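Chains here go by letter, A, B, C, D and E, matching the order in which they are written, and residues are numbered from 1 within each.
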Amino acid sequence: ATACGSPQDTASGGGDAAPVKVGLVYSQSGPLASYGKQYIEGFKAGLDFATEGTGKVGDRTIELTEADDAGDPAKAVSVAKDMIGKGTKIIAGSTSSGVALQVAPIAAQNKVLFISGPAATDAVTGANKYTFRSGRQSWQDVVTARSFIGDAADKKVVVFAQDGAFGDANEAAVKAVIGGAGANVSSVRAPASATEFTPFASQIKAAKPDLLFVAWAGTTAGAMWQTLDQQGVLASTTVVTGLDIRASWPTFGAAGTKISFLSHYFDGASDTEAAKAAKAKVPGGTLDLFHPDGFAAAQMVVRAVQEGGDDVEKMVQALEGWEFEGVKGAMKIRAEDHALLQPMYQAKLSGSGTAFTATVQKSLTGDESAPPVAQMKG
Amino acid sequence: MNASSEPVLSVEDLSVRIAGLHILQGVSFEVAPTGVTVLLGRNGVGKTTTLRAIVGLTPRGGEVRGSVRMGARSLLARPTHRLVRDGLGYVPEDRCVFAALTVAENLRLAERRGVTPAYDKVFALFPELERRGRQRAGSLSGGQQQMLAIGRVLLNDNRLLLVDEPTKGLAPKVVTEVAEVLERVAESVPVLLVEQNLAVVRRLATDAVVLSAGQVAWTGDARELLLETALTKSLLGVGSGSGEVHA
Amino acid sequence: MTNSVVDAPPAQVPDELTPGRSRWHGLRPYLPLVALVVAAVLPYSTLNLPGIFEGPLNSPGTLQLLAICLVFGGLAAGYDLLFGRTGMLSFGHALYFAAGVYGTDILVTEAGLPLWQAAVLTVVGGTTLAALLGAVALRTVGIAFAMVTLAFAQVGAILVARDFGGLTGGEEGLPLDVSGLPPALVGVTNTVNLYWLALAYLAIVVLVVHRVSASPTGRVLAGLRDDERRIGVLGLDPYRFKLVAFTLAGGLASAGGVVYVLIVGGASPHITSSELTLSLLVMVVLGGPGTRWGPVLGGVLYMYLDHRLTAFGSSEAVNSLPAFLSRPLSQPLFVLGTVFILAVYFFPGGLASLRSRLTPVLTALRRPR
Amino acid sequence: MNTVVLLTLTGLGLAALYFLVASGLSLVFGLADVLNFAHGLFLGVGAYATWWASGNLPGAGPDGFGFVLAVVFGVLAGSFVAVLVELVLIRPLYSRTIEQVLVTVGLSLAGVALLQATWGADPRPFPRPDWSRDVTSVLGAQVPNAGLLLIVAAVVVLGALLAFLRWTRYGLIIRAGVENREMVTALGIDVRKAFTLVFAIGGAAAALAGALGGVYFGTVSPGQGGSLLIFAFIVVVIGGMGSVVGSAYAAVAVGLLQQFVNYYGTSGLGDLCVVGLLAVVLLLRPQGLAGKVAHA
Amino acid sequence: MLATRGLTWRIGEVAIVDSVYLDLAPGEFLGVIGPNGAGKTSLFNLITGLRRPTEGTVLLDGADITALPPHRRARLGLGRTFQASSVFGSLSVRENVRLAVQAHRGGSMKLWRRAAADREVAAAADAALDRVGLHHRGTALAGTLAHGEKRKLEIALLLAGEPRVMLLDEPMAGVSAEDVPELVSVIKSLTGDSGRAVLMVEHHMDVILELADRIAVMHHGALLACDTPDTVMANATVQEAYLGEAL
């Protein structure tokens, strides 16, 4: 029925027993679809875990609305605005960094809670008062990488990364973390679109580093590793990189066993209650890189609703400084900048062909891998 | 016209419109089963358009109406390559040899599966083509290109040859040669010839069709037309004998 | 033959330059105005169109989606000034749009300029960029022109992706710092203002494109599309007029970028890609090149599909289909691509030709028995 | 010295990949006047079909003869899809260039999305012989065998294409058709068959690029074709539409330029240089290096 | 008024236009004849700047204009028609002429005025249309005109620019016989007033003979003769090269 309204209308939260609307904006299609899939599986498992199977906080049902952003910030912003307009106070998701960075300001402008997902960019930390994160950030990767070289003084470290913000952030973090510990850090950068890596491998080899830190994401990773291996880089130095999702392990090929991995998570990295619960709930029964992120996000949502009800300011207060037991173990939301302190792992791959297994070499506690406190921007 | 036997080709009420131009406006004529029927008319009256409509090469967006039959078969609906395989040989106005291909390749292109190409016949007519087999066709002289264009068609047996201004731009000596060749060809195959050079017409033509402004202005025995100077002049204009030098 | 790609914009007669024939002739000039007014009061309606929009018309989500659609309607109309009305096939139009988006974003976020200054600087800068690059690219014609413009746009894409001086944020994009913006443009409750802004942009582009098409210059542009050589022989420099069209279209695109960055609240690198130019081309062809409303419709429809198909893909209706259907249908790009292909076979001449194709049907229906 | 050798040989490997994609694109454009944005799809089909065959086709596998069989299957699949596309979608649209753009753009979107819907967005490890992961020492440089394989394949394809164009009847038809399509018909030849054929050849070359690209990258993912396509387009335009030899020259120029500038300059400069080369070539010689003649 | 000095255009080795010296006096009507491919159109292209000569100069009123682009030459009063009609097919006939008038009067670079509002342009355009007798076709799309009408439109476009030197490339080509006299009188009226000079290529000898003060004969790119009609017609070489043997 047609009616007249005002353009400023937005629906409001509703009473006590009304369901709590939670919007999940993540990649269901597009290049990061499989990250998104793990995230949502993790989220559902986490919600189940945190609400003890009821899906309710108190007598209020958590009502999930899922939307696909296809990795495009413009689409994510559209659906986020739509959800906010319909009275949603909590938004979670953001598989890609670009989406996280552009949804975060929307949350601040409209005073709703935003819990960013697998997006690894450091810039989400301290983005604003309403933005939290349920995953790890690049800095934590780099701190974990440092743990591979012991005494960093006068060591030569090379960062090999893509052009662009992801590479910049990693390079800056390595300079600060490992360079700050006395190492001599230089970098080799390559276009993200590169398909031939020999020039870069040659440059790295010529630099003769003690440690090579590789930050590479995308479909060309397999070719990149193979080239580093073929040009003898892997044999001549310690190479550290982040361990990606399980499906990507075989793409390391023979290089896989020669790399020292820092890991955010893989199945078997932890044996917490939450991990067992997640494992039981997740389709296929095997955990992967981004299941913990979704799981933690659900835990944070439940906490926020429990303590804050419909009041976003209270939710923020309830989350700041909150410590909880996640899939990875002891997690802590740092009050100052909303960084999520969490365990990180050193790992090794073994196996060949398409069958690889990862094993933990060492784990770092949340405090050991903590990033420096960021200035809260808004 | 040789009334005694069936025409090899009959064109009835052929109309062609291209991009809004009504170029042919109801052209009807017949091609006798022997000899050379020559299609005359001033520049731009639609001679080339007629030939191209017959072989189905009217440019895109062009609209063709009327009927063209070879024997009992209607030609208009059929694709060009089928018509050609059925024995309709076409030598276009500007020769259209493939400049980047060699002479031999140009000839080879015209071969047809299941038909033995009559190389001996072609080389007997144009020994030049045999000698220059490996030369790029683009570097041939105009006359040699014309020989190639005709030779290419003669490799196969044809029921009718359509030849558009074969002597255009050729030296007098070559004009004579081409005319001789056509004369010999015409002994075995009927030819529909478009020609501006009246000397050639005089030598070859048995029947004539004169076009004017997209319509048939005159048909009949060629000698009759050519003998009547006044008729020739009124139909063909003075300036129609272009394209050759007798120097 | 190589030129055929550029001959291609079907010779649509610009409405502006043809005498009116219809009975509605007297009313017609006012129809766009009526449409504008209707569009402007749309946010006051709570009409619910289930399946078409997520919420009522006045909900922020719907207005946001409509705003994006309107901006792309305007972009497509601007691109049509090049492609449909002047016959220039540029593969690099995304560059000027991206210049608008990133220019505003950087000036506001990094340099801290007030919005209006940033906007003016950006549009002036984008227009100048179009003029400079156009001056070089227009030395070629046909496919070569398309490829040179593509090359320039590709340079832009590489520069943005490389994140020089940390200005562009590389692949992560650059969120817009809203602290210095007018409050009326910030926040979900103010989405309606963004909608009006987008509507204003579209109206301005349409006005400019139509005014220009109906102007003496537009006459020359239409002539250029038909026969460039003839324009030269008439004593007009084709190069100058093409450059004017190129620059104007570039300026309109960068203005579109300014509006877009406000609506979306940030810049991300995929707007620099050659795919975006291709999408613009698709929008125009989908709508009907050189027609009054075709490109606008094409742009709006394209963006609508692009955004809504993600929801369609995850909807119940699709998920309940057997896997061999639901899997591809849940890929938005699969549906979008299929729509293009079908459009070519079912709406040759674009959406704008629907009217003329429907006219016989309508008259037949109206005819008294 | 061995850096130069290494960069040259790997640059040639890259050039080989570009050439394999570009040659089909160029022929299709030269003869049939179709700007085929869906060419990347053929590459994707080739890669996925090879990948699929190696796991599922009896006799096929990652090694030895099985690998050859898988690649053959991939190439045939690419070719088959290309022919299908030509017959069903392109043929009704000949001479309607802009509509072709719409259809091929639509096809490339839909096709890639279909691959993704079927096999997921993540790169999958590509089955390949062990030797292809190794390197060969050439004048002190460790040259990846996969790159050498690409070079060999490209040279073979170039040779085969040239031989095909030069010595076979269909080659003759294609070369003649690039020059003057109409006259080919007037010699009693169905030139549309030649169109279908160039699509088949183009599809096969692209599919081979997909399969060997899979070997080279070690993985296969739906978007792989698209990222190569833009460079392939650049190669085609620099080389001159319709010229196989031109494409070969241009591919070598682009591959080497990219490789050397990426090593000696800063990152990203290689791509910029390639794009600059395109602009310069077109501004100086709008018809490209070799113009529109199918050279044999 | 218009003069060429040793104008030459080569493609590779071949001279398409070969060292042509021409002089055109104010008010003069110079006919150009020559076989197909003699280089007549190419000569026009060189004079109007669509092609750059390899050697030689073009002078207009004694000034060297060889380096100027076509539009600058047009502004100096050089107008031409094309052998293959070249009108703006997607614009109406009236709009075609208005564009030409507007081009001539200046003010084309006005982005914000309504073109249709300019009464003076409209009046001038209508006058030009009247003059060629196309007034009644004003609203038709130029692309849909019949061939003869297009030729008239070409002349209207030329007239609209009020050129002082006019180059007509086969204006009668494709014009049906009954329309020829009308067009001839239109062309005749061009020179009647105001000392305009005309250079016209035409194959219709009767038209040339009726209109031309002098006739230039081109052959293989070179000027064979340039003299009064009677002298040219009597010239033996011209007879051979162009007119063909006796009719």
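We adopt the following convention: a residue touches a chain if its C-beta (ideal position, glycine included) is under 8 Å from a C-beta of that chain, and two chains touch if they have at least 3 such contacts.
Computed from a predicted structure; not experimentally measured.
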Shortest walk length in steps over touching chains, subunit C through to subunit E: 1
Distance-maximising chain from subunit B - centres being C-alpha averages: A
B-D or A-D, whichever has more C-beta pairs in contact: A-D
Centroid comparison with subunit D (C-alpha atoms), farthest chain: E
Inter-chain centre distance, subunit A versus subunit B - centres from mean C-alpha coordinates, in Å: 77
Whole-Å gap between the CA centroids of subunit A and subunit C: 35
Between subunit D and subunit C, distance of the C-alpha-averaged centres to the nearest whole Å: 32
Subunit E: positions in contact with at least two other chains: 89, 143
Residue numbers of subunit C (touch at least two other chains): 158, 161-162, 330-333
Multi-chain contact sites of subunit D, meaning residues that touch two or more partners: 95, 116, 267-268, 271
Residues on subunit B engaged by subunit D in the complex (per definition of touch): 55, 57, 60, 79-81, 84-85, 90, 92, 96, 98-101, 105-106, 108-112, 152-153, 156
Residues of subunit A touching subunit D in the complex: 29-34, 163, 188-191, 193-196, 198-200, 202-203, 219-223, 225-227, 229-232, 245, 247-248, 250-251, 253-254, 354
Residue ranges of subunit C touching subunit D (in the complex, touch as defined): 1-2, 4-5, 8-10, 136, 139-144, 147-148, 150-152, 154-155, 158, 161-162, 274, 278, 281-282, 285-286, 289, 327-328, 330-341, 343-345, 348
Subunit E residues touching subunit C - in the complex, by the definition given at the top: 48-50, 69-72, 74-75, 79-80, 82, 86-92, 95, 98-100, 102-104, 107-116, 118, 139, 141, 143, 157, 161
Footprint of subunit A on subunit C - complex, ascending: 43-48, 54-56, 58-65, 68, 158, 161-163, 166, 169-179, 186-192, 195, 264-266, 268-270, 307, 310-311, 313-314, 330-333
